[in-house]
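After this come two complexes, each holding subunit A, first together with subunit B and then together with subunit C.
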Partner chain A sequence: MVASTDLGFFLPGEVIKDIESKDKYTIIGPGLRRNEEDPNSLVATQAGRLTFRAPNTYWIESRRNRYIPKKGDLVVGVVTKKSGDILKVDIGCAEFAWLSLLAFEGSTKKMKPNVNVGDLIYAKLLNAHKEMEPELVCVDQYYKSGRLGVLPNEGVLINITLRLTHTLLNAENPLLRTMAKKFPYEIVIGVNGKVWIKANQAKDVLTLCKAFEAAELESEKSIIEACRQHK
Partner chain B sequence: MSHVRKTIISNAEKLFLVKNLTEWKRLDGRAFDEFRDLEIQFGKDWGSCFVSLGKTKVLAQVSCELQLPKASRPSEGILSINLELNTMGDPNFQVGRQSELNSQLNRLLEKCIYDSKAVDLESLCVKMNEKVWSIRVDVNLLNHEGNILDCASIAALAALAHFRRPDVSCDGMEFKIHSIKERDPIPTVIHHYPVCISYAIFSGGKFIVADPTLLEERVAEAFLSVGLNAYKELCGLHLGGKAELSTDIILETTNKASKRAGCVVEIIKAAVEKDTNDKWVSTDYFNRFIFN
Partner chain C sequence: MDVHSKEFISSNTPELKCEFGALSRSDGSVLFSEGESVIMASIYGPVEATFNKIVIDKASVDCYYRPKAGVPGVQDRLRESVIRNICEIAVAISLYPRTAVLVNVQEMQNRGQLISCAINAVSLACLDSGIDMKFVFGAVSCFLSNNGELSCIPSINEDTVKAMLVFVFNNTTGGIIASHTEGCFSIEQYKIALEMCRKESRNVFKFIKTSLLAADKL
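Here is the complex of A and B:
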């Protein structure tokens, strides 16, 4: 496992020099942009902690709550409006995203899935442009739904910070696995900070919520350390 | 000025919350009549107050100016309370025309503090028919996690209690406002401390939850806001939404609220007194005595 290193706090507009990446390639993640004046340095576009993962990946980890849609993101949203074949879905960004009822697996003009206002949807962002409404789909490129689609009403929706979603979605992070040893649960994490959880007992859901709340303030290392103790 | 975008609570959240309530549990682990932690902080200026109730955060600032009094009340000062809901507090509040929620909350605050005559307006008169102090309380919502009203009423009241206006003298013709360095600023006279206490009502009065969070507020069928002071005097009551409540339940809840009001007023008074003492001994005031 390659651990990421924290390189300190940066404010938007600050220039980051001393980029140490192998083979002259640098992969930049959220919150960073190439410096046009000096091609060998980067500029921060968000406030947060600069993080580096060997050999050549840089990104900024900030504690923002507001989601900005990006093409290909997997998100969880609430259906707020249904008009004809089009659903308006609140995914936590400035505008409601739209989702066609025909963008579900096996749906045709005559056979449409049963989706109601207030339902939760796990979908993929097909299109995210700053001057257009984001567009969602519930199928992949082979017209299969995979895990996308309408989520059952038995679970619960919670909001977490965007940074925590990245931490949880990291396959190497042991938090979800450690919790799974205590009790069984189902979880869907949208990168927009909305998380759907379903467990047998309400108590278990609340335990998970508390664990996430605690993890929000902790660094990756201390989460791993805490999980190790609970094994 | 704000316009509230219509937000929809997912069915999943609603079901989960109601299911938990039937098991006499709340999502954040509080008891039904338990309130969130209250914290009051003051800024450097007189009348600047920051209040947080759990994660709901509010900032209040009092300002004053000399004005012509209203023709109907020539010997009374003017007090206006202004609550602003902006996008910073909740992305669903949009800048634009005033929303229903905003005007409702504003009116409830006014009812609680202004209409209950908590602030002595006659002491704000400088010269009858000519000059009175106009005091304005601006309350800004910084973060919205439910129960704005309680938080805002505490902030407005604490800011008013903390506020001091400059002294004014008149030599027959001209009014002179003395700076803080020349004369000590004068505190506002407050007769009693009214605060709002809110409850959310579920299942037709079966479950009554104190200090509702954002989710509870949105799922609730009705809400009850009571304005009370430390002497158990009612300074406003508002029952919104739709629920068939018996008078017994309202009385019982109001009784519970009066206990809470007593605690809140104690906290406000203690916080104001502590900060005022700290301000007097701080170096700014000390310097003033040396240099003048």
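Here is the complex of A and C:
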């Protein structure tokens, strides 16, 4: 994995010059927009640290907490409404996401999966245009469910910050692996900040919640350091 | 996260203090004090808009101002509209069509510079929530006394204040984005006050940046 570099703290409206991307072709992530007056610079739209990853990607690591849907995101949601073949799922953004009952593996007009209001769903965003309701699916491009679908009723749903989901989903982060050495558990992390946990005892779930609470206030380096001590 | 503006204290400017994340359930919240005025501000957004508030091409901004006691009155409605208008131009509302952005302002303590305090608190709350913004705004208020003196600190005796002028600036060009005045003054005095507040606004932006940096250090 290519390391990303920190280029300092920016406030909305501040102009970012000295773009180092290859061939003047820049990919911009959240918190940035292109500057209309000067094509070789960017303008920050969120307060946070500007990060650059070679060869040409820039984004801002901000303290955002409201989830904005993006195409292809894997999210955990709560079914809030069921009408006919359509489910409305709360994924934490401005609107309820739309999920067809036919978008499950092996589902047909006659054979529909058993989904009720209040169930938890692990799904993928098929469509996330800002002018439209987001649309979810529980199958991949080969019509297989993979790990998507309705989550079992035994688990617990908690909310964590968006920043922490990115930390936990980073494959190099040792927090989840270190916890798994202590006790077995199943976890589903949606990038919308909703996390589903299932463990043998309620105590283990609480331990995980406590660990996430502590990790929210720590930097990535100190999490790695703390995990090393518990090995 | 408490942040104090110790390095910005001078005898003729109000001291700024803020605490981020004062409320746990909102997207962004701040407890902010300017001199002895204190405001709690919080932002929710973008959230689902009610049917009659939906705008097809941008987010609708709503501001709710709560006074210390009692129900909001006419004065509070005026403050609401001032804050709403500023938020509408500063927040990139075109990025979130058909949604709503809710701004809640709770007055905690009033010592004169309430409007500028509320505007600065909303600015910090917006930054805390991470909503996309075109620029950061900062407000400075200025008081004209009966003997023609201009000061950023309100006089203890309210009767000696002839006029209050509030200016809101952006951080990119330093241009003025809103002005609110109460009382009698001449055009000359207005111009002098504007220049004075523009200078002072740099301190406000410096404070915003240092306090966010302190909150960001994990």
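Throughout what follows, the second predicted complex is superposed on the first by the 209 of 231 C-alpha atoms of A that agree within 3 Å, B and C clash if a C-alpha of one lies under 4 Å from a C-alpha of the other, contacts with A are read in each partner's own complex, and residues count from 1 in each chain.
The rule is simple: contacts are C-beta pairs under 8 Å (C-beta built on N, C-alpha and C of every residue); 3 or more make two chains touch, one makes a residue touch a chain.
These figures come from a predicted structure and were not determined experimentally.
Overlap between subunit B and subunit C is detected when the two structures are superposed via subunit A.
In the superposed pair of complexes, A:Thr167 makes contact with neither subunit B nor subunit C. In the superposition on chain A, A:Leu157 contacts subunit B only, with no contact to subunit C. Of the two partner chains, subunit B is the only one that A:Val78 touches; subunit C does not reach it.
In the superposed model, A:Ala202 lies in contact with subunit B only, and not with subunit C. Of the two partner chains, neither subunit B nor subunit C is touched by A:Thr178.
Once chain A of one complex is fitted onto chain A of the other, the partner contacts of A:Thr26 are absent, as it touches neither subunit B nor subunit C.
Of the two partner chains placed by the overlay, only subunit B lies in contact with A:Asp119; subunit C stays clear of it. In the superposed pair of complexes, A:Arg66 makes contact with subunit B and with subunit C alike.
Looking at the shared chain after the overlay, A:Gly13 reaches subunit C, while subunit B stays out of its contact range. Only one of the subunit B stretches 8-16, 44-52 or 260-268 carries C-alpha atoms that clash with subunit C in the superposed arrangement, namely 44-52.
With the contact threshold set out at the top, residues 66, 94 of subunit A are in contact with subunit B in one structure and with subunit C in the other.
Here subunit B touches subunit A in the complex through residues 6-16, 19-20, 23, 25, 27, 29, 91, going by the rule given at the top. Across the complex, subunit A meets subunit B through its residues 66, 78-80, 90, 94, 116-120, 151-157, 196, 202, 205-206, 209. Of all residues in subunit A, those touching subunit C in their complex are 9, 11-15, 31, 45-49, 62-66, 68, 93-96, 130-131, 217-219.
Across the complex, subunit C meets subunit A through its residues 27-28, 45-49, 92, 95-100, 127-136, 170-172, 205, 208-209, 212-213, 215-216, 218.
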